[in-house]
Each structure stands twice: as C-alpha cells, then as structure tokens.
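Shared between the two complexes below is chain A, which pairs with chain B and chain C, respectively.
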Partner chain A sequence: MEPHTGLVAMHMSDGIVNAPISVLFALIAVLGLAFCVSRARRDLDDRTAPMAGLVAAFVFAVQMLNFPVLPGVSGHLLGGALCAILVGPYVGALCVSIVLLLQALLFADGGLSALGTNITNMALIGTFVGYGVAVAMRRIATRSRGGLLLTAFVAAWVNTVVASLGFVLEYALGGQGLALGTVFGLMTGFHALIGIGEGIITALTVGAVAAARPDLVHLTRTSSPSLQIKTTGVRS
Partner chain B sequence: MAAGHAHPLYRAGDSVVHRLPAHVKIVGAFVFVLAVVATPREAFAVFGLQFLLLVGVWIAARIPPGWLAARALIEAPFVVLAVLLPFFAVGPRVEWWGMSLSVDGLLAGWNILVKGTLGVLVSVTLAGTTPLRDLVSGLSRLRVPAMVCVIATLMLRYLEVIAAEARRMRLARISRGHDPRFAWQLGATVRSVGALFLRSYERGERVHLAMLSRGYTGTMPAFTTASASTATWAAALLPAAGAVLFAASAYWAW
Partner chain C sequence: MKRLPLAFYAGCLLVALLLAGVVSYAASGSPDGLDAVTQTGCELDEAGEPVGGTCIAQNAGEHATAASPLADYTVGGAEGTTGVAGVVGVLVTLAVAGGLFWVLRRRSSPSGTPSRVE
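The block that comes next holds the complex of A and B.
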C-alpha cells in the first residue's frame, strides 16, 4: 500500500492496436460515456457531481494501493465491478472512465490513442458485464451475507475476464504478430488468475461496506422494502 | 495535489510550451500520437524523424532527457510483451544467435516498442508542461461534457485527501502489528478499503451539503479559459503536423 512506488502501466499502450481500430473504439467510448452521463444524472440528480467526484477519487486512490500477493509481488484493484455494485453501473462506468482519462493525461498510464480501447474494456464492458452478473445473482446476494460476497466475487471475476476479451477482440481487429488463439489463451488465462484476486478484494470490500452501511450498496438497495404507513388499531 | 497545483508528472517552467493553452496542447498530443500509430511499422526512418520532432519540443520546453527517461519507464510492462512477440508469433522464422525468431513477430514487437515509447514520451511531455487546472479547463474547452469536467475537478481536488486517508489507515494498521506479505493476510487491508469507500462516500454527501449551502443549484459555474488565436494553433500544432506529414510520406514511399 505504498502509493506511487513502483507505479507501472497497467493499461494498454499506444501501438498495440492500429489507428483505425483505435479511432473506432474511441467513438464507441465517447458514445458509451455520453449515455452514462445522462443516466448517472438520473441516478444521482444534483448530487451527481460531488458523489461521482468522490467515488472517482476513491477508485483512483484504490488503484494506487498495492495488495500483497506473494512476497515481492503485489497487484492492484481495477474496481469496475466494485463500483458497479456500490454505486450502480452508470455512475461506476463514468467514474472509472474519468479515472482512466486522467491517468492517461496526468500519469502517462495508458496510451492516448489507446484511451478509447481502455475505456471500452475496463469502464464500459467491465463495469456493465460485472453489473449484469451481479443483477442476475441478486436473489442470492440479498439472501445472506455469504451470498452477497459470492455475488461480488463472481461479478468481479467475470468483469476481469470479459474486459480481457475486449482486448482480444481489439487485437483481432487491429493487432498484429500473434495468432489469435495464442492471444486468447494468454489473456484469458492470465486474467482468470488476476480475476481471483480482484474477486476476493471486491467481495471483502463489498462485505465491509454492507456490514457498516448496507443502504449504500446499490445492488441490494432497491430490494429494501419501501416505506409503509401502518395504522394502529386505535381509532380516534 | 490540490487542483490547480502540481501533479506528479508536472515540471514547473515558463517556456513557450508551458505557456500554450492546454486545449491546443491536448489536441496536438492526440494528433501526434495518432500519426505515430498510423505510421507503417517498416518505415523505420519515419519514427526517427518523429522522435526528432519531440526532441525539438523538449528543447523548446527545456525538459532534460534524464527527467523524461525516468518517467517513460512506466511503459516497461509493454516492453516485455514486445520482447516476447518474436518467440511466439507465427510465420517465417530467422535464426539469430541460435534462437529461432519469427520475422513477423520481430516487426510486431518493434511496432509496439517504438509506438508505445513515442506515445508515452508524448504523454509525459503533455503532463510535464500542463498544470492540473489547465488540463481540466482545456478538456471543457474541447467540449467535453460539463458534468465530466466537474467530476474530474472534484476528483482531483479530493484525491490527495482520500490518498492521505488511506495512508493514515495503513499507518494505523502497521502500528498495530500488521505486516501483510501473503494473499491470505489481505483481510485487514481490504476492510480498510471498505472503510475508505464509506469515508469517501460520506465525504461526498457532506461536500454536496456544503455546496448546497453555498448556493449550488445542480450546475457549476462554467470554466473560463482563454481561447487560442489561429497563430497559436498553427504554432502549437507544428510538431503534430510534422508527425502527420512524416506518417503520410511513409505511405507514399512504401
């Protein structure tokens, strides 16, 4: 958890995907982002700016924290599924996108031409697929604490693996050198392992939030019964 | 790192490059990088010329090479990918020092290496010469939705607060005997990530109330940024235009 020490690029650099495909995915990212902006406003109304700003700061800070994996080896959280479960897919995708945009502009983490592909993979595909999985498992998630942790784990694992499939798709369209099968095997295999770490951290974080402020977990929030007015038996 | 002040890659200075409006620099950087990415990989000389254009920018910005090199190291993981490519790629192979290397893989590796390196150098140059506040107001000038700019501003303003909070939590854990080395010791670290989320979220709620009590109605005052004259645009886009021309010349020659 040393911020900034040994900070290395975790996002795609320039030159991995060719120019036309980079531009294509930049357009997809812009459209997706525009959609998220309009829906995030509906989720949070006039609270959008401060809430999303602070959640984005949280994502940024969490990505700077390194977790121990083995002595000398540490990983950090991507946070797509975590955000989706805690604040919903639209605010979540928006926050992760803004973090990626500023990492590229301020920290040179992720190439400028690869910004579209990075946002598409991690912010859009990752967050929405993670959320989709979580919604599909909502019944399990609301049943017990273990169910919620399991849901968060599966959502984060699927989020990580599917985000890497986004990379495979982009590489298939605009990459060169490796046979597609090799890329597929390397990326999914590697990310299936990373996803376990992401899943454990996401599950435990969601568990910690749910224990202290269950009302803040977006995924299970809608399932809470609405306010009911009950009358007493006493008549006036 | 409060908004308007420095960020880790910023290198204070008062050069021609530093004084350019941020939105012009952002456009220039994106065009330059796209030109590099669009250059055919066999056009070895073109990458050299594009590098020379960047050297020109660094001289104008008075950025020393050592400073750049240290910050460009962020790209290192992709160098590994570039080195692995010749061994795993398909197609005709060449023998080199007893190793069988794929010709296509060598070129593909070179492609990632040179484009990734030029790309990260452009990013570091942009970040090194543009303060935070200017970057975000530059984005708003480029018609990035106001909502995104406001979120980005607030994020940058509170990032250091949240990061400091995380540091204090870490210190508190360590002073209570926490010494995480293995994955199964994650518990305490992760619980503080949960606590960090709660503190961030609740801080967001307080910030919202503070904004409301100061007359916030759901929209922020617009960013005021100076527009750039045609001459400024022309001067600032000179390196990018050069990179595009060189890339285009490669298509003529090949």
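The block that comes next holds the complex of A and C.
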C-alpha cells in the first residue's frame, strides 16, 4: 500500500462525501447513464462508433496531462464538452464515464464509492451543460473556423466550472472539514482558471478534427438539413 | 458501405499514445484544483498525506484498488513507468469504449442509410 504521490489522484476519493449522498449520486449516475445508453445508438454508426472509442482513449490520455494554473495548483482536462462536440452528448457522457470507471478500477484514481459523484459532475453535468452551450452557439460555430474554435472554448470553460459546482453541491449535502463558502470560492476560482486550459485543449482538438474530417464533428454535422429530417423521422 | 477513415483513426490513436506515453512525463505534479481544495487547511507530509490541521482530505479512505498493478499511473509502483501505464490505459479505454460503441451502433445498409434492424 503505497501512499499517493504527485501526479496521480485527480478525482474525488472515497469518504470525501458521506455514504448516503454517495449512494444518492450513484443512483443519479446510473439513471443518467441508462438514459444515455438508450439515446446513444442514434449517434453511433460504422464511422462514428470507432471515432467515439478513440475520443474516449484521447480523453484518458489528456487527463494525465496536468498543467499548472497557480503555484502549487494544477488542472487537467475533464473532457465533457470535447466529447459532446465530437460525438454528441449521449455518447460523449458514456466516453467520459468509461474513462472515470477505468481510472477508478485500474489506476486507483477516484474512489469506487465516489464514482457516482465523479460521473455526475464530469460525465453528466459537464457534458450536457457544455453541449447546451455549444448548441446555443451553433450558428457561430458553423459560420467560420474561428467561430467553431470560440464555441469549443466557451463550451469547455463552462463545462469545467459547472462540473466544479457539482462538487460544491455534493459537499454541501454530505461533506465536512472546510467552510462551504471557502469550498465554493476555491473550487470555482481554481476551475475558472483550469477552464481556460480545458477551453484551449478543446478548441485545438475540435479544430484539428474539423480540419481533417469535418464529417466527424457531431455539433456541426447535425446542423445539416438532411440529418435534421432524419432525426425528426426517428422521433416521430 | 462507405470506406472507413482508417488513416484518420490511426492518426488519432497515435496522438493519444504519444500524449499518454511520452508527454505525460512533463505533466505537473501539483495537486489539481479539486485536491488543492480538499487539502486546504492541512499540513501535508512528503507523500501528500494530511498530517495536521483540519481539511476535507482527512475524510478520504485508502483507495479500494490501491493494490492494482497500475495504481497511481505506474506499473507496479515503479518510478518512471507513467508512460507505460498511460499507453496501457489508452489501449484498454479504446478497447472497452470502442467495443461498447461498436455493439450499440446502428447497422448500416449498403446505401449508407440506417436500416430498420432489431
């Protein structure tokens, strides 16, 4: 049993939030992921399924790359907006969840009892709010390359900050050790800075994919008329 | 069926492998934003464990999979193996996520339009 050192604990550990609240958020995570599985199918075909697997692998890789934001404080990609823009929110939430699950099971990163809270914050809240921002900016994103990069940056920044607010909520309900106001101030302050890094990484990645394979960017692809008709057909 | 963009997929995988296998050695060793908050108020020992004061991290338990061969992004706890652990992680993530998504996908008909299946 070696103590944690340096790089390596990136997500909430067991015990940070008490058992009842951990169970509550595990339930929320399970329900949310079940909904995502039921909706993911419409966004997955022979071309996008391998892409989604690669996006998950990419998020795993980039989450290892902690970048400094303040003296003694680093940040890393969460990846929700990145995934949602590239492969859609339902598949995207599953990508982030698989990364979090494997990190907890294989890499001792993020407690097993904290999987519900970590998935709720990063895979559900971060991904869907980030996607909502990206959809709200879709007319800007489809207008020019600069617009797409700006959209990716803003969606990713918001995704980081709202994910940190998820932690503040869980801490308010079932945590102890530090005044809630201090937790709120530090979490949002740090993540407002980390969000800049998340925004840059997301914009660079989305920009690179859009330049090479614009057909593999979910956000801008689904704005095409043909696919809107197809989607309407599926819903009716 | 339209041709799959295999070269693009291979490029993505190569980038992920390089980031996890090589660039990961340059990652910051400082606690991330969340850990910095949970450690606020505590004095830490060299291993980053809280030894005095009051902070959120004192409530954290030993990780249930701390004995995993890949724990803490190393291979068996050996120093300098972060890149190897990262490469394994990328490949396992690709296999699990890619496998799940391949099973969940809509099957394409020859014209490329989704067929009504199942």
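The working rule: the second predicted complex is superposed on the first by the 193 of 236 C-alpha atoms of A that agree within 3 Å, B and C clash if a C-alpha of one lies under 4 Å from a C-alpha of the other, contacts with A are read in each partner's own complex, and residues count from 1 in each chain.
Definition applied: a contact is a pair of C-beta atoms (placed from the backbone, for glycine too) under 8 Å apart; a residue touches a chain by one contact, two chains touch by 3 or more.
No experiment lies behind these values; they were computed from the predicted model shown.
*Asks:* Quick check for you: in the superposed arrangement, does A:T117 touch first (chain B), second (chain C), both or neither?
*Replies:* Neither partner.
*Asks:* May I ask you to decide whether A:M187 touches chain B, chain C, both, or neither, giving the answer as first, second, both or neither?
*Replies:* second
*Asks:* Return first, second, both or neither, reflecting whether A:T151 touches chain B, chain C, both chains, or no partner chain.
*Replies:* neither
*Asks:* Which of the two partners, first being chain B and second being chain C, lies in contact with A:T127: first, second, both, or neither?
*Replies:* Neither partner.
*Asks:* With both complexes superposed on chain A, which partner does A:R42 reach: first (chain B), second (chain C), both or neither?
*Replies:* Touch partner of A:R42: chain C, not chain B.
*Asks:* Return first, second, both or neither, reflecting whether A:F167 touches chain B, chain C, both chains, or no partner chain.
*Replies:* In the superposition, A:F167 touches chain C alone.
*Asks:* Quick one: is A:P50 in contact with chain B, with chain C, with both, or with neither? Answer first, second, both or neither.
*Replies:* both
*Asks:* On the A-aligned overlay, A:L204 touches which partner chain: chain B = first, chain C = second, or both, or neither?
*Replies:* So A:L204 only meets chain B here.
*Asks:* Looking at the overlay, does A:T220 come into contact with chain B only (first), chain C only (second), both, or neither?
*Replies:* A:T220 contacts neither chain B nor chain C.
*Asks:* Shared contact residues on chain A, chain B side and chain C side combined as an intersection?
*Replies:* 1, 3-4, 7-10, 13-16, 37, 40-41, 45-58, 60-62, 64-65, 67-69, 94-95, 98-99, 102, 104-109, 111-113, 176-178, 182, 212-213, 216
*Asks:* Which residues, counting only chain A, touch chain B once they are in their complex?
*Replies:* 1, 3-4, 7-10, 13-16, 18-19, 22-23, 33-34, 37, 40-41, 45-58, 60-62, 64-65, 67-71, 77, 86, 94-95, 98-99, 101-102, 104-109, 111-114, 176-179, 182, 197, 200-201, 204-209, 211-213, 216
*Asks:* Which residues of chain C touch chain A once you look at their complex with the stated criterion?
*Replies:* Residue positions touching the partner: 1-2, 4-5, 8-9, 11-13, 15-17, 19-20, 23-24, 26-38, 40-41, 47-49, 54-68, 70-73, 77, 82, 85-86, 89-102, 104-108, 114.
*Asks:* Enumerate the contact residues on chain B facing chain A in the complex.
*Replies:* 7-9, 26, 29-30, 33-34, 36-38, 41, 71-78, 81, 85, 88-90, 102, 104-105, 107-109, 111-116, 118-120, 122-124, 126-127, 132, 135, 145, 147-148, 150-159, 161-163, 165-167, 170, 180-183, 185-187, 189-191, 193-198, 200-201, 203-205, 207-208, 211-212, 216-218, 220
*Asks:* Residue numbers of chain A touching chain C in their complex, please.
*Replies:* Touch residues, chain A against chain C: 1-16, 37, 40-42, 44-62, 64-69, 72-76, 91, 94-95, 98-99, 102-109, 111-113, 164, 167, 171, 175-178, 182-183, 186-187, 190-191, 193-194, 212-213, 216, 230.
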